[in-house]
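Listed after this line are the structures, all set down as structure tokens.
Shared between the two complexes below is subunit A, which pairs with subunit B and subunit C, respectively.
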Partner chain A sequence: MTQNRPWIPYLLILPSVAFLALLFVVPLVQTIWLALSDNGAPSLANAERMVTDINFTRSVRNTFLLTIVVVPVQIAIALAMGTMVSKVGRGRETILWIWTIPLGISDLAAGLVWLSILQNTGYFNSLLFSLGVIGRQASWLSYQTPIALFIAIAVAEIWRGTAIVMVIIVAGLNQVPKEFKEAAEIFGAGPWTRFWRITLPLIRPALQSALILRTVLAFEVFAVVYALGGRNFPVLVGEAYNWQNQNQNYSVAAVYAVLIMIISLAATLIYLKALKVDPERLP
Partner chain B sequence: MSRETMSTIKASPASFASSRRWLLWSGIAALCAWVLVPIYLVALGALGGRQGVYIWPKTGLPTGISLEPFILFLKTEGVVQSFLNSFGAAGITVALSILLGAPAGYALARYDFRGKDSYRLLVLLTRAFPLAILALPLTVSFIRLGLYDTIIGVGLIHTVLALPFAALVTQGIFLGVPKELEEAAWVFGCTRVQAFFKVVAPLALPGIVATAVFAFVISWNEVFAASVLTVRNRTLTAYLLTVLSESPMHYRFAGGLVLILPSVVFIFAVRRYLFAIWGISSK
Partner chain C sequence: MANIVIDRIRKSFGAFQALKEVSLTINDGEFVSLLGPSGCGKTTLLRIIAGLETSTSGDVRIGDRSIIGLAPKDRGLAMVFQNYAVFPHMTVYENVAFGLRMQKADDTRVKAQVEKAAGLLHIEPYLDRYPNKLSGGQRQRVAVARALAVQPKVLLMDEPLSNLDALLRLEMRTELKTVLQSAGTTTIYVTHDQTEAMGLSDRIAVMHNGVVEQVGHPVEIYNHPATRFVGGFIGNPPMNFIKVPVSNGQVAAGEEQLAAPKDVGNEIVLGLRGEAVELAPLPQGLEMKVRVAEPMGSHLLLTGSIHDQPVRVILPASETVKSGDTIGLKLDSKRITWLSPESGKSFPALLA
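Coming up: the complex of A and B.
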């Protein structure tokens, strides 16, 4: 098929390569140059400005804390969902559809959804009030309640972002042959042993891509934070946005972008190394 | 819980099985509620109007709701326009990512060529980057090119997000169309192009439509790049983000609902392909 006209595949991939070169590689290089130069000469002045900014340390801490809390919980819920739904015969399709609904919901919308629940006269306070836990409206999203605000943002992120992890994990689970489980059962492995020794190792590729995807997205967290807490809870992308749009300082915004890219790449490499997928052991 | 354990201790295997069943279904029901109830509550907030926000304590029942406040929100200056802008940007994203991505997917599925692995690496590499952040340096070049603050500009950057996904998923879709069918068409005198459009394309169409829907949702939900690259011609997410701090609560909830509805409909439309697609794209 390839002998007579070897140029065909190149012709087919060329448009997408050209597009990605123009709008992925070029801006990537531009960002790095913008971040590491000052008036056309290489300089760390922008990086210095970023590091000495009052919100810098808080935004780094907040973003990391959110990622560390949110990603494992999402993986755990998604695994629970995948395990549960594998035991269901009729109704499986409906359940999976309901669980995938948040896949179509933006982080901004997720923030607004949880704002309706957690605002002062919201449903959460109403519930606590009717249970007699609180006497009057409590506020959860102000700068005076940083821990409650953190939990609120984490809950909204978990609510929205679990769906994508679940879809990837269920797709992975679907590829695990039944025979593996049956064999383990015959040899007397209990449900927990089967889960840890058979299922989890077999869906390692799916886990790996879910972890990479979710972690990169978690470091990009922005709109959900803004919708719930305004500027009370600085995160990395939020700071980049403020430097760009409010302060009109594109260089410091670019340093933030470079920092986020370095963190994302490092996380991806760590996952690739830690969860090395052995092609021999795939089903 | 205690009744649960009591009955399992003394009861027969049959009731043990049924109580496990009960546990399974209550877990599933709880997770379904976890997804659906917040959406229901934000809808109540969107339809409850200004008075609805201050009802205290709230019951969570649909009392005092009407479409009026929601329609009033839609009539607010800028809402309809930004809604249309979002559709425009998403339309451009869908068109470009399929037009550029599907040929690449076809090349990956049908041909062996030098550089295939490098191309796959380029596509996979985009995953490790927070792509929306690349909008930051593009501001300057887009101003120069006249693309700043246009729907085309937003569509272009959203295509960067959707294109790698489209290339990988269409590769899987074309792999699913038997090569023999295509070769049979050649034998019967079709040219390559005819064979593609008469045999391959109809079989691949449902999957490609599903990919297009995903590209739409990716663009529709994107907040950061859209907010950075527009000032007057805002997409819905960018518009909501910028007016958020000065909007009354019920407007924010209405905005959240408007964002959620279209993507939920679209996800429903492609629910059958969700798992196949993510199975492919997470390999």
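Coming up: the complex of A and C.
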């Protein structure tokens, strides 16, 4: 047994560790070095260059704004969807299947779908025109309509990214035995009280996972933004992409990459702390 | 008034009939047990009364008001769940306090009620703990305390003491009985355990395959089971059923002739409680072949056969019967139940 050969677990884990080290840690170290060095010597010159670029503040602000708007809406919608579908008996699988369709679409494709809806000659304008709401083609995605552009991107992101949250939440809800809600109901709790005082605390682990995953992904938003707004709506990953491809400056791109990583790690830590899951209080 | 009227309740899950026209009336302040084997529909019936399950047809009235269609919280009852359903994310204190909090009771009342219920169920030491760390029996008592804390008019309990050790169970059930009686709580108590049902109940409803087979006072059910199932389910050892020939309306038990019910065929089933016999010399008594004699201290348990059919009888501990003996038994004719061999139902006409 394994007691006699304690190295067996390590042996079995080794390939995955080696794989990760090779393909993740090495590039990570390289990126960090690329970001924090200049001509082979440690330096903050790249960071300075990033911070003083006119798009830097806008991209930070846009990314955070988008995250702050999109993630809570996605969680709320996913909770509503999960709660509703748990009441459904027959056809539940079909509904879930339809709801998870956006999961199978790449983010660039999703961006292009929404582009075809919202561009000047798109479906949205056609609809508004035929209803007589607008007299001529309106533009929603230009730099002159920043609020419309923001809303368009937020809507596209919400449409694309809610499914994964819902999948996690539905899995969490399935773990909660119905007797807890029934007991609460018998002892006088209405639907809202049951949701806030029973369901939500009991799906805390799922909620935590969903929040971490979605927030990290939200900080990495790129393709949808790029498809809809191009450079009219700078975001962090978009800037990294531009520095790398347009400006051919790999070092500043690397600083962006490191910054995104730090923000994601910080967000994860905050969630882990704020939504601490106490194993003692789980079913 | 909180009398409960269960009126021709049916419940089907798909093609399966879990309850087949169950009717039962429970008077205000009465303690009624639902007793029956696993899967007979006890929990389903409780859930219908509580409003957690909709019946396929039929009506339930509490205090002469139909509660079908009312939300569970508007039915004015409390329930102890078979699997406890104690909230894992709340302390024991908050669990017990839950119903009172929902009623917006002030803190002094909550505290008083929680302490009273916790004291009764001996769970004060755990009030600050989370249920996760408690044993099954402790959690079960939290569930009972949570239900008692709201001082309900109607209390539904689904095997609330099943996980306690014998000693604690005995103590708890006495205390439960006292509290519920003094509060005048109308109680439906589900149990597998017949001694519990016998000891606690004003009346017992014996259920089997989705049907209430008999409702009555524990002693009445014990002595005069309405069906073969009830006789076999209640009592330890269960009632003996011996198929005997009838000639001229009489059944021979040794030299004694017992009067059989009128209008029976040439066979009848004699239902005999194991202790409703005494030793008699042969051939005067009914012949029994003893296969095993087990001295139990308080009594002597004999397993064997009468008319080649298996029986178990109980004699005083002082009798000296050994395994392999053939003995004679005198039957207590007043304690015999006659049952139809076809339907398995007893002949009620003779009970009077």
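Keep in mind that, in the parts below, the second predicted complex is superposed on the first by the 282 of 283 C-alpha atoms of A that agree within 3 Å, B and C clash if a C-alpha of one lies under 4 Å from a C-alpha of the other, contacts with A are read in each partner's own complex, and residues count from 1 in each chain.
Following the convention adopted for this analysis, contacts are C-beta pairs under 8 Å (C-beta built on N, C-alpha and C of every residue); 3 or more make two chains touch, one makes a residue touch a chain.
It should be emphasised that the depicted structure is a prediction, and the values quoted were computed from it without experimental measurement.
**Q** Based on the superposition on subunit A, does the combination of subunit B and subunit C result in a clash or a fit?
**A** They fit: once the shared chain is superposed, the two partners occupy separate space.
**Q** So, A:A183: does it touch subunit B (first), subunit C (second), both, or neither?
**A** After superposition on chain A, A:A183 lies in contact with subunit C alone.
**Q** Can A:F56 be said to touch subunit B (first), subunit C (second), both, or neither?
**A** Neither partner.
**Q** A:P201 contacts which: subunit B (first), subunit C (second), both, neither?
**A** A:P201 contacts subunit C only, not subunit B.
**Q** Which angle, as a multiple of 10 degrees, do subunit B and subunit C span at the CA centre of subunit A?
**A** Reported to the nearest 10, the angle reads 80 degrees.
**Q** Counting only touches as set out at the top, which of subunit B and subunit C does A:N174 meet: first, second, both, neither?
**A** The first partner, subunit B, only.
**Q** Which partner, once the models are overlaid, touches more of subunit A's residues, subunit C or subunit B?
**A** Counted on subunit A, the partner with more touching residues turns out to be B.
**Q** Name the contact category of A:W140: first (subunit B only), second (subunit C only), both, or neither.
**A** Touch status of A:W140: no partner.
**Q** Figure out whether A:G230 sits in contact with subunit B (first) or subunit C (second), or with both, or with neither.
**A** In the superposition, A:G230 touches subunit B alone.
**Q** After the superposition, pull out the minimum Cα separation from subunit B to subunit C in whole angstrom, please.
**A** Here the least C-alpha separation of subunit B and subunit C stands at 6 Å.
**Q** Any idea which subunit A residues touch subunit B in the complex?
**A** 1-2, 6, 8-10, 12-13, 15-17, 19-20, 23-24, 27-28, 30-31, 34, 77, 80-81, 84-85, 87-88, 93, 95-109, 111-117, 119, 121-123, 125-126, 129-130, 137, 159, 163-164, 167-168, 170-172, 174-175, 205-206, 209-210, 212-213, 216, 219-220, 222-223, 226-227, 230, 237, 240-241, 244-245, 250, 253-254, 257, 260-261, 264-265, 268
**Q** Report the residues of subunit C in contact with subunit A in the complex, numbered from low to high.
**A** 50-52, 71-73, 77-79, 81, 83, 85, 87-89, 98-99, 102-103, 130, 132-133, 146, 150
**Q** Provide the residue numbers of subunit A that touch subunit C in the complex, in ascending order.
**A** Residue positions touching the partner: 177, 179-180, 182-190, 193, 198, 201-202, 204, 279-283.
**Q** Under the stated contact criterion, what part of subunit B meets subunit A in this complex?
**A** 24, 27-28, 31-32, 34-36, 38-39, 41-42, 44-45, 53-60, 96, 99-101, 103-104, 106-108, 110-113, 115-116, 119, 122-123, 126-141, 156-157, 159-160, 163-164, 167, 217, 220-224, 227-228, 237, 240-241, 244-245, 249, 252-253, 255-256, 259-260, 263-264, 266-268, 271, 274-276, 278-279, 282-283
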